[in-house]
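Here come two complexes built around chain A, the first alongside chain B, the second alongside chain C.
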Partner chain A sequence: MIARFFLAGFDRRVALALIAVLAIGTVVPLLNLMLPASHVLHVPDYMVALIGKYLTFALLALSVDLVWGYCGILSLGHGAFFALGGYAMGMHLMREIGPRGVYGHPVLPDFMVFLNWKELPWYWHGFDQFWFAALMVVLAPGLLAFALGWFAFRSRVTGVYLSIITQAMTFALMLAFFRNDMGFGGNNGLTDFKDLLGFNLQAATTRAGLLAASSLALALGLLLASAIVGSRLGKVLVALRDAEGRARFLGYPVERYKLFVFTISAAMAGVAGALYVPQVGIINPGEFSPANSIEAVIWVALGGRGTLVGPLIGAGLVNYLKTYLTAAMPDAWLFALGGLFILVTLALPRGVLGLFDRDARRPRTAAVDPIPKAAE
Partner chain B sequence: MSLTGALLYLNDVTVTFDGFRALNGLSLVIEPGEMRAIIGPNGAGKTTMMDVITGKTRADRGEVLFEGARDLTRLDEAEIAELGIGRKFQRPTVFDHHSVFDNLLLALKGPRSVWPTLLAPLRGAERQRIREIMEIVRLRGLAAEIAGNLSHGQKQWLEIGMLLAQDPKLMLVDEPVAGMTDAETAATAELLREINRTRSVIVVEHDMAFVRELDVKVSVLHEGSVLAEGSLEHVSADPRVIEVYLGR
Partner chain C sequence: MSPKRSDMRMPYPRRILGQLLLWISLCLSGQAIADAASLDQAIRRLGQGGFDGTEKAIGELLASGDPRVVPILEALAAGSLQVRKADGAIFIARQEGGEARLIDPLTGEVAGAASPGTMERVRMNNRLRRVIEAARGALTLRSPDPAIRRQAADALFRRADPDARVALEAALAAEKDPAIARRMREALAVLTLAGAAEEAARLEAVAVLARRGDRESLAILAPLAARGEGELSRAAEAARQAIEHELRLWEIGQNVWYGVSLGSVLLLAAIGLAITFGVMGVINMAHGEMVMIGAYTTFVVQEVIRAHMPGLSDYSLAAALPLAFAVSGLLGIAVERGIIRYLYGRPLETLLATWGLSLVLQQAIRSAFGPTNKEVANPSWMSGAFEVGHLAITWNRLWIVLFALSLFALLMTLLRRSAFGLQMRAVTQNRAMAGSMGIRTPMVDALTFGLGSGIAGIAGVALSQIDNVSPNLGQGYIIDSFMVVVFGGVGNLWGTLVGALTLGIVNKMVEPHAGAVLGKIMVLVFIILFIQKRPRGLFALKGRAFET
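Let's look at the complex of A and B:
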């Protein structure tokens, strides 16, 4: 039954994407570790870190597509779920430092010693255990999404109003995490990580391992998302996205469906954030910045909303461009992003993937109407 | 109180919008197995009557009894649908991005809550029932067609099919043939008569040729209440009806 569930949503496009993602996760680490630096095919360390980061962004994009593409919930707050997952991982990494901090305190992270704190706040307990942190990576964003969704969906908040609420949520969290007395390191955030599960985070092997883990997480996320989308529940999601009143009238408890997919998606974004943090070596409140959430939506729109695979491509393309442009012409990046978005909305309304998907009669396509409908 | 035998019993139903009486002491009785045509000029309250029956609009006064016992004015839309009252809206609303098959599957009686729909496989019996319905509503061979690509008439039929899939005891159909070709209109009349063999139907329609073809009892609505009732010949001969409606 499990196998049938996961295979229900499987199609050629998803299969190809899965193979590509897993290939990246194996080939890149091998080319990095096995070949000498002089070899033409050698992948330099900085590329490993970069590609690993892109993979986590792709997972974030996938989570946004699940709610926006298939359920019509335009979340402008998924960056917050990503950041919460990141903080949960960051807290574990801080505790892993142990007595090796600058101040050498056996338990307290440096910033707490610096703030003259005498003991660990209650919510930092348990994070010394990896399993606990891993649980929190999923639970913290999942529970927040559940709570927010519970109130918003039940009071039938939809469209732009919901988008605004999610923006407000991530903005409020950013302000909160900036405060020193919140106990999350204030505006410096959490950093100076040493190791994870005993592996030195600076080692090339660890970096390669993190990339492989990110690719595996993305592959599993894609498998789960395609199973959800291909199930009968997935059909209900698309139905309520396109005609909510009609779905309600057929007897579907629309709010529960939204809550389900919003929560799953938030947890997925949390996993992405947790894999992102050890690869970039820092998490700070800037990750809650409202612009981050909006950027994630742009990746999805660019790649092709409601296609699962498109958003992965969108995340990769935009971030590659960002890496390139912010180095070459730092001032041009935001204009390029805005221009790209306008270009795609006008010229490629169904995203990059729409180019390859001329056959609109394909039954499984849940592709959306050209102009993204924020409010309907 | 229980009204012997009647499937649907509207008594003195009044609905007011900002002081305007859309329904004004409307009373109507539908027998089990009956098909009733409702006609009346624009704004007569036909759609509002369906809104009241399906729980979309609350009545200010009056009662709406289903099967003699359940007062529909106290139930919400989902509960009323659950009781076995299905409705086709004036504007066809099918799920445009789903195939004909999936539209019918979603409408079919079956799991409605989150976990069962996540894990429910497609059962053979469901596939079978969907084929039957596609046959009835003249959409044979179009299972994989995306609903958004259907013609206007086919969308109306698909929606009727979705209603059938819910297996209601009473079907409310609002202006099914608006915008249809003559051939489609005739086919729809036949389709509704076919459906009427197994369940009761209320049809609202302006098209007189269509109503004549249905050949059932007609109620004429005017300014929110029933003006005349009987066969089409009978009501067409009624001078009050001619004045407000047919004679214009």
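Let's look at the complex of A and C:
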């Protein structure tokens, strides 16, 4: 029964992607740990960190695709959910430091000692337990998305307005987290992590393990997303994406469907953020910047929205380009990114994956177009 | 939006004193200056003949009317005027790094260092201090320049020096300017309250201070009121409450003004967007960059004028206005023809494409001009500030408010009264119908987008005066602008005006209580909640559209 639910949306492409993701998650750590540094196939440590980071970005892209590709909600605030998950994990990692901080305070993180705080704020309690932090990684973004969606979808805030609201949300969160009084480290964010579940974060084995965990999370996310998309619920989602009014008139409680997917997707983004933080070793308010959220959208658009697999490819491609260009030609990066946005929307409305479709030559169907001609 | 330094004018006493002396030397230099020899003699006599001799010498210095006398008298009062034992020459001594540096009292030049024991201080007593104070008062309070007299009176008000009383009373009797006379009376009132005057005189003084009604009078009245007994104390308490009440009102007024000022900035940033987004329905994320390009145009125009016509520097803004409109407007038309026209009816794609465009434009400007802030000077007619009651109003803010409002009026007229405006509204309302009436809708689209972008460019000219001109200039405004347009109601310029001013004032009213950042967050949250309630904004267009 459960197996059938999960396999309903399973097609060849998703299966291939799943295998590829899991293969990366096993082969890369093995090549890094088992082979000597001199070996041709040895994967250097920095590559492990990089690939691990890309995997979390791919999970973020997947979560954006779920709401944008299948539900028509262009969220410009998914970076916020990602960052919230990251902060939840970062808070746990801060508490893990314990008395080993610069100031050696047994409970308070360094920045609180520095700011002359006397005791832990209430919302920091519990984060010393991993299970609690893991719960918060999912709950914090999920609840925020639920609250925002609850209000927005019921008031029928749609399309561009919703995009702008989500952007305002992440902007407001960025301003809030920049404040020292918030108790999240202000400008500098949370950093100087030592270990996670007892494993030293600097150790190669831990990093390899984190990469494996990221690939596993991505694979599970892909499985979940394809299950949702392939289910009856997924069909309704596509219906309300293409003609919300009609779906509503047919008696579907549009708001609930949207709310469900939006919340799931936010939680997924939170998990991605939680896996991202230990691998890069820092989380700061810059992660909330509206630009980050929009960048995640372009990963999806480039790979092909509404395909589940495309966003993974898009996230990989754009981020590899970013890594390469910011090092080789820093000035060219924004030109390339900006150009990508324009090129993809004008010339590749179905993304890279659309190029490989057998029906790519056909004129665009209404299914890809968020606003069918009939509604104009 | 960080205010430039001219906004934060904090007059502190030392600077006023410096200005005072500068003013004196500037204004008195035209008067008869005693020949250097006799002045030099008089200075020498400051150190001769004990207290009487010093007093006599002060009188001679005063009689010379020379502005250079003031610093000498100040040094004398401060006890830093010293006599060289060897030859009786007078110097101003300044302690620097453990040794006394000698300064020639007339030229102000360093005349050498003093070894310990060779110098002797010119001795002072209270009588001499009074004489000096009176002399200084006579030099400044009776100056022919009203600005100096006013500053002298204000300085006395703050310093409450009982020694200056005689000079002040004399000056008051001679004063013709009623405004300065009032300030002198206020200074006198402070002296009266500080001294041991009769009850009636002190009550009178409290009344004078109550009429003045600013923070400084409050600081003087508060301790009197706190004494708690007697008629005087009651009067002071009443005056204090009246002043506080009035000051609160002024403070609200000041916040409203700040709000209007912020609102006009928001209006400037949003008004172009109100056309492209509101009228055309095009999400232009590169709108902020159009503003930024307008600001850079201003910078280029300023540099060109500085290099070739330095005399016209003050008017470079006027030259920049049409140019910024043209540059941003043409760019807008090119963008519409090149990108946006392929995306009509797909707002989310438009959003992404224009965001990409904004990245490209930012990087282009950064590559061309560098990442650092560019300095755009305030012309002289936009710098400085003036006061209305207790409101401090800076000229650049006032100009920007006026400019934003007139730009709004101009745009309204254009949309309502011109043929182009008519066509634009027709295309907005019903594209197919407008097309069949013979309106060339693609051209109207391009021109409308060009107009919106050009207006953004003009906004950039104004914003270059109050914000840092950097490649990131536009980013700071884009979210605010969308908030204003969405809050005010899409497709309605009046909504944009009301929305901008409301948000500006609300922001500034919240700010004193919550702080700048929290205030902004609260405004954002407020808008998010507001959109839930009224998804179409404050002034929604009436219509039967089921979906947009």
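Points worth noting:
Here is the rule we go by: the second predicted complex is superposed on the first by the 360 of 376 C-alpha atoms of A that agree within 3 Å, B and C clash if a C-alpha of one lies under 4 Å from a C-alpha of the other, contacts with A are read in each partner's own complex, and residues count from 1 in each chain.
As a convention for this text, a residue touches a chain if its C-beta (ideal position, glycine included) is under 8 Å from a C-beta of that chain, and two chains touch if they have at least 3 such contacts.
These numbers were taken from a predicted model, which means no experiment stands behind them.
Per the definitions stated earlier, placing chain B and chain C onto a shared chain A by superposition produces no clash, and the two fit side by side.
By the touch criterion stated above, A:Phe178 is placed in contact with chain C alone, chain B being left untouched.
Using the contact criterion defined above for the overlaid structures, shared-chain residue A:Tyr257 touches chain B, although it does not reach chain C. By the touch criterion defined above, A:His125 lies against neither chain B nor chain C after alignment on the C-alpha atoms of chain A. In the superposed model, C is the one of chain B and chain C that contacts more residues of chain A.
By the touch criterion defined above, A:Ile164 reaches chain C but does not reach chain B.
Seen from the CA centre of chain A, the centres of chain B and chain C span an angle of about 100°, rounded to a multiple of 10. Within the superposed three-chain model, A:Leu233 lies in touch with chain B and out of touch with chain C [touch as defined at top]. Touch criterion met: A:Asp242 reaches chain B, while chain C stays clear of it.
In the overlay built on the shared chain, the residue A:Ala152 is in contact with chain C alone; chain B does not reach it.
Closest contact between chain B and chain C, by C-alpha atoms in the overlaid model: 10 Å. Contacts of chain A with chain B, set against its contacts with chain C after fitting on chain A, overlap at residues 245.
Across the interface of their complex, chain A is touched by residues 77-78, 81-82, 87, 93-99, 101-102, 105-107, 111-114, 117-122, 144-146, 149, 162, 166 of chain B. Chain A meets chain C in the complex at residues 74, 148, 151-152, 154-161, 163-165, 167-169, 171-172, 175-176, 178-179, 244-245, 290, 294, 297-298, 301, 331, 333-335, 337-342, 344-346, 349, 369-371, 373, 375-376.
For chain C in complex with chain A, the residues that touch the partner chain are 283, 339, 342-343, 345-353, 355-364, 366-367, 479, 482-483, 486, 517-518, 520-521, 524-525, 527-529, 531-533, 535, 546-548. Within the complex formed with chain B, the chain A residues making contact are 1, 4-5, 8, 228, 231-233, 235-236, 238-239, 242-243, 245-253, 256-257, 260, 360-361, 363, 365-368.
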